[in-house]
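In this document, chain identifiers A, B, C and D correspond to the written order of the chains, with residue numbering beginning at 1 in each.
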Amino acid sequence: MDLGISGKWALVCGASKGLGAGCAQALVREGVNVLINARGSEVLALAATDLRAFGADATRAGGSKWSQPTVLAVAADITTAEGRAAVFSAAGGPGHDFDIVVTNAGGPPTGDFRTWERETWIKAVDANMLTPIELIRATVDGMAARGFGRIVNITSSAVKAPIDILGLSNGARSGLTGFVAGVARSPLARHGVTINNLLPGRFDTDRLATTLMATAEKMGTTLDAVRKAQVASIPAGRFGRAQEFGAICAFLCSVHAGYMTGQNMLADGGVYPGTF
Amino acid sequence: MDLGISGKWALVCGASKGLGAGCAQALVREGVNVLINARGSEVLALAATDLRAFGADATRAGGSKWSQPTVLAVAADITTAEGRAAVFSAAGGPGHDFDIVVTNAGGPPTGDFRTWERETWIKAVDANMLTPIELIRATVDGMAARGFGRIVNITSSAVKAPIDILGLSNGARSGLTGFVAGVARSPLARHGVTINNLLPGRFDTDRLATTLMATAEKMGTTLDAVRKAQVASIPAGRFGRAQEFGAICAFLCSVHAGYMTGQNMLADGGVYPGTF
Amino acid sequence: MDLGISGKWALVCGASKGLGAGCAQALVREGVNVLINARGSEVLALAATDLRAFGADATRAGGSKWSQPTVLAVAADITTAEGRAAVFSAAGGPGHDFDIVVTNAGGPPTGDFRTWERETWIKAVDANMLTPIELIRATVDGMAARGFGRIVNITSSAVKAPIDILGLSNGARSGLTGFVAGVARSPLARHGVTINNLLPGRFDTDRLATTLMATAEKMGTTLDAVRKAQVASIPAGRFGRAQEFGAICAFLCSVHAGYMTGQNMLADGGVYPGTF
Amino acid sequence: MDLGISGKWALVCGASKGLGAGCAQALVREGVNVLINARGSEVLALAATDLRAFGADATRAGGSKWSQPTVLAVAADITTAEGRAAVFSAAGGPGHDFDIVVTNAGGPPTGDFRTWERETWIKAVDANMLTPIELIRATVDGMAARGFGRIVNITSSAVKAPIDILGLSNGARSGLTGFVAGVARSPLARHGVTINNLLPGRFDTDRLATTLMATAEKMGTTLDAVRKAQVASIPAGRFGRAQEFGAICAFLCSVHAGYMTGQNMLADGGVYPGTF
């Protein structure tokens, strides 16, 4: 399927590994130029190298229907104004003229809401709610002027089924979700701009590995036992793969998904039990 | 129906008029002691006078099954730590030992998200998300220890169907909603504490009157024309009344609603079109 | 709280015990005349006797603000045209002029969808979808003409979170839910008629006892062990009580709930994990 | 993007035109063998001819990575046991061994629920609920045995936001939706079988044209005026195209969508206003 987005420019945040990297790879495979962002420059540089190889392969495999996509890497903290400025002024990049923006930030820490002071909340709100909103604000009018745009916010299945210890994430990400539902249906929609959220359940990433390890230690059991128990609770019988997550993201960014906006796409192997 | 809450203590925010006042009245009518809060002391004092009269009437009508409820008024900005301290240390009040807390804050201004800087967002988040969370944090453990508690957050139908110009409200109130969904199902639930949200559609309050007036001026038409047009779009064919809203709130606070928690109760005359 | 419905006529189906009986009791306590229906005449007669006693008590306790409610019992299969005809032509009853209708039918059997032939499905659809629709059809125009009406359909929490073995129930009850969402917002709403669904989670009824017993036998364990395990999975830490369910139903039937329509009210002690 | 499904067998119902045809085309373009079904043999034969041409083009364009897909056409009423038998015994087809099944039935007529007798309801339930369930029943165990399967039910945006006059559709399609939510999370999920629903809003099909024409006649206005008014109410500012709908369907059928199950994917240009 030709996604019709080769030659477009995408910003992908949190792209050095995990789900963000999966999204960047899927886009590069479709000939999309990407600017990847994360805080740590070393891992990000490695990710960029990988992406360039993927891009070269895909270009060859695609019979050179498109030229090899550009891959830029900007190591910066996207949750700060300075970080965003760095991304939007990167040499060789499109400035603010991204056609695709994939927002993605690591979740805030788990914990007990009794211990969260205002600054803890504000930090979560900044990272998981206001940063995506700032990225949307910085790019959607340009997208609308050019008649095409795709925002994909990577949130979490916890937006649909929050759990106690993830209160900071539940709160901040739900805040983003509420905002998106309004703006996605605003006059921007008339100009080819879609804004959707993509909600991962449990995916096999470094982050998950860390969580599983912590759980195993806490429960005095083995990593393998924890993995098995978790997998058993997923109807699909497995964790998700970053690559398939990336493919869903790329599809949402395609020309074919232009009639889908304001949606919350859940990829969780059937864990969330609700009909809607 | 005996709601089984006479003699309990309730904190009702934004209670000088409108929906908050409706909630306070409904609770006082059931013999609940209330501490009402709002920023302006004069209007709040008038509201307190009214409530005392309601309380006396209800006590008589109830055949003096309960003693006349106490009504305290604390004028303070509940969105500040100082305001909350004033409420929780009011002379004659229960300290932190409220059995019922009705959180309620005026919505943030409407507008275009392109013009909202970080401080605008933080203000909305403080008022409509973090303040209720602080009030919950300050009271639920006491409720759990005593084996009974009711939190009712007055949010908005815009949580279910956000609209563009209410982005600040959509965002902040959805953030609260996401948090509540998690904490409502936490171990607090086992101790008789329920946490629910109550979502008003369009109710016939001063606030609505102001909005309608502004709309009429903007559109160069009469207040009456605007009212008629709006009413025509409501399946129930009318605006809601603060009194019926208060009754729903009181019911949610009753002993009978102890098996309902984490719910979003919508009272909008059928406007929201979704099945769920 | 005066629900404002004394002297109204209610039809309550499946009212010989369990949730239906809880609803009938709560209504009678508010001075509502009820016609109760179930298939078995003996148990139904006992229920009617109980209700009359409740009615007498409530009338005395209410200071004789209202006259003692009438209680009629019609043993019939409400899922058949004949059964409905019997209900609507009962001597001493209101004919079709019920002000309140509580639809309620036992759920279809559990099982594997692979074994369900068309007639099994049609039976479930008849009982849990078309029967309520027929009862709505038979009564709402009269309600609208008189300017007041309340339909409450007792469905199931499985409408929000279906489970595999309850496929017949999931399907038929969801069908009802979809239909109700449309008709509740139809012009009927303008005439004081509300149509809502009430979704029970696990309530402490005979039906639950039977289910628990079957589970215990199947798993080769004790009833008590099964009860404890189930209770542990409910955030509220207990099963619901028919009496509190009845109170919610009565509130939905009250004058105060006139601005709530098309809603799915879930009472499940926090089991369903979804935000909405 | 390689969807990874070339050489699979798909059954697509209602495939002679409109959304069903869009789905069949998108699948054939990915090298999927299709058996298309509809009632009228002539239009279906034309559709098959078109599909064969698409298949040949796609095979060439794909650098012959896959062999040209087979296209079979079976004119039959899929809502009958005979129709289904014809489909599952078609010469050259896979028998029951479809890897992909796209269920799709024209919606039942609009109308007033007061006029719908039982047989009208049963007809709608048969077409829009029990037929998809029968197709699921006939194919999913084989899919599970082979470790891969995709069911996509084309339902309607009216499942999320029902409207009065579509009561038959609301009811029957919601019934299907409730059933699907349970079975999608059943042990089938562990064997690579996903079951999702795809909810179209207003798409530019023959059916829409007929509806618009009827509306224009009824309102005494022009087709163009009706089109413009409807388009103005869609945030995306246009009707959807069958081709993009087909692409979404094909993506859901791809190997990449294996972690999405039990979902209701809405493609409506932003009309449905709900956050979820």
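Following the convention adopted for this analysis, a residue touches a chain if its C-beta (ideal position, glycine included) is under 8 Å from a C-beta of that chain, and two chains touch if they have at least 3 such contacts.
None of the values given here were measured: they were computed from a predicted structure.
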Checklist entry - By mean C-alpha coordinates, which chain is most distant from chain C? => result A
Item to check | Distance from chain D to chain C - Cα centre to Cα centre, in angstrom | outcome: 35
Checklist entry - Which whole number of Å gives the spacing of the CA centres of chain B and chain C? => result 29
Item to check | Residue numbers of chain B (touch at least two other chains) | outcome: 159-163, 174, 177-178, 181, 185-186, 272-276
Checklist entry - Graph of touching chains, which shape: line, ring, star, complete, other? => result complete
Checklist entry - Given the complex with chain A, which residues does chain D contribute to the contact? => result 1, 3, 26, 29-30, 63, 160, 177-178, 181, 184-187, 189-190, 201, 235-237, 240-241, 244-245, 247-248, 250-251, 254-270, 272-276
Item to check | Residues of chain C defined as touching chain A within the complex | outcome: 159-163, 174, 272-276
Checklist outcome for this item: Given the complex, residues on chain D that touch chain C span 113-114, 118, 121-122, 125-126, 129-130, 133, 136-137, 141, 158-159, 161-167, 170-179, 181-183, 185-186, 275-276
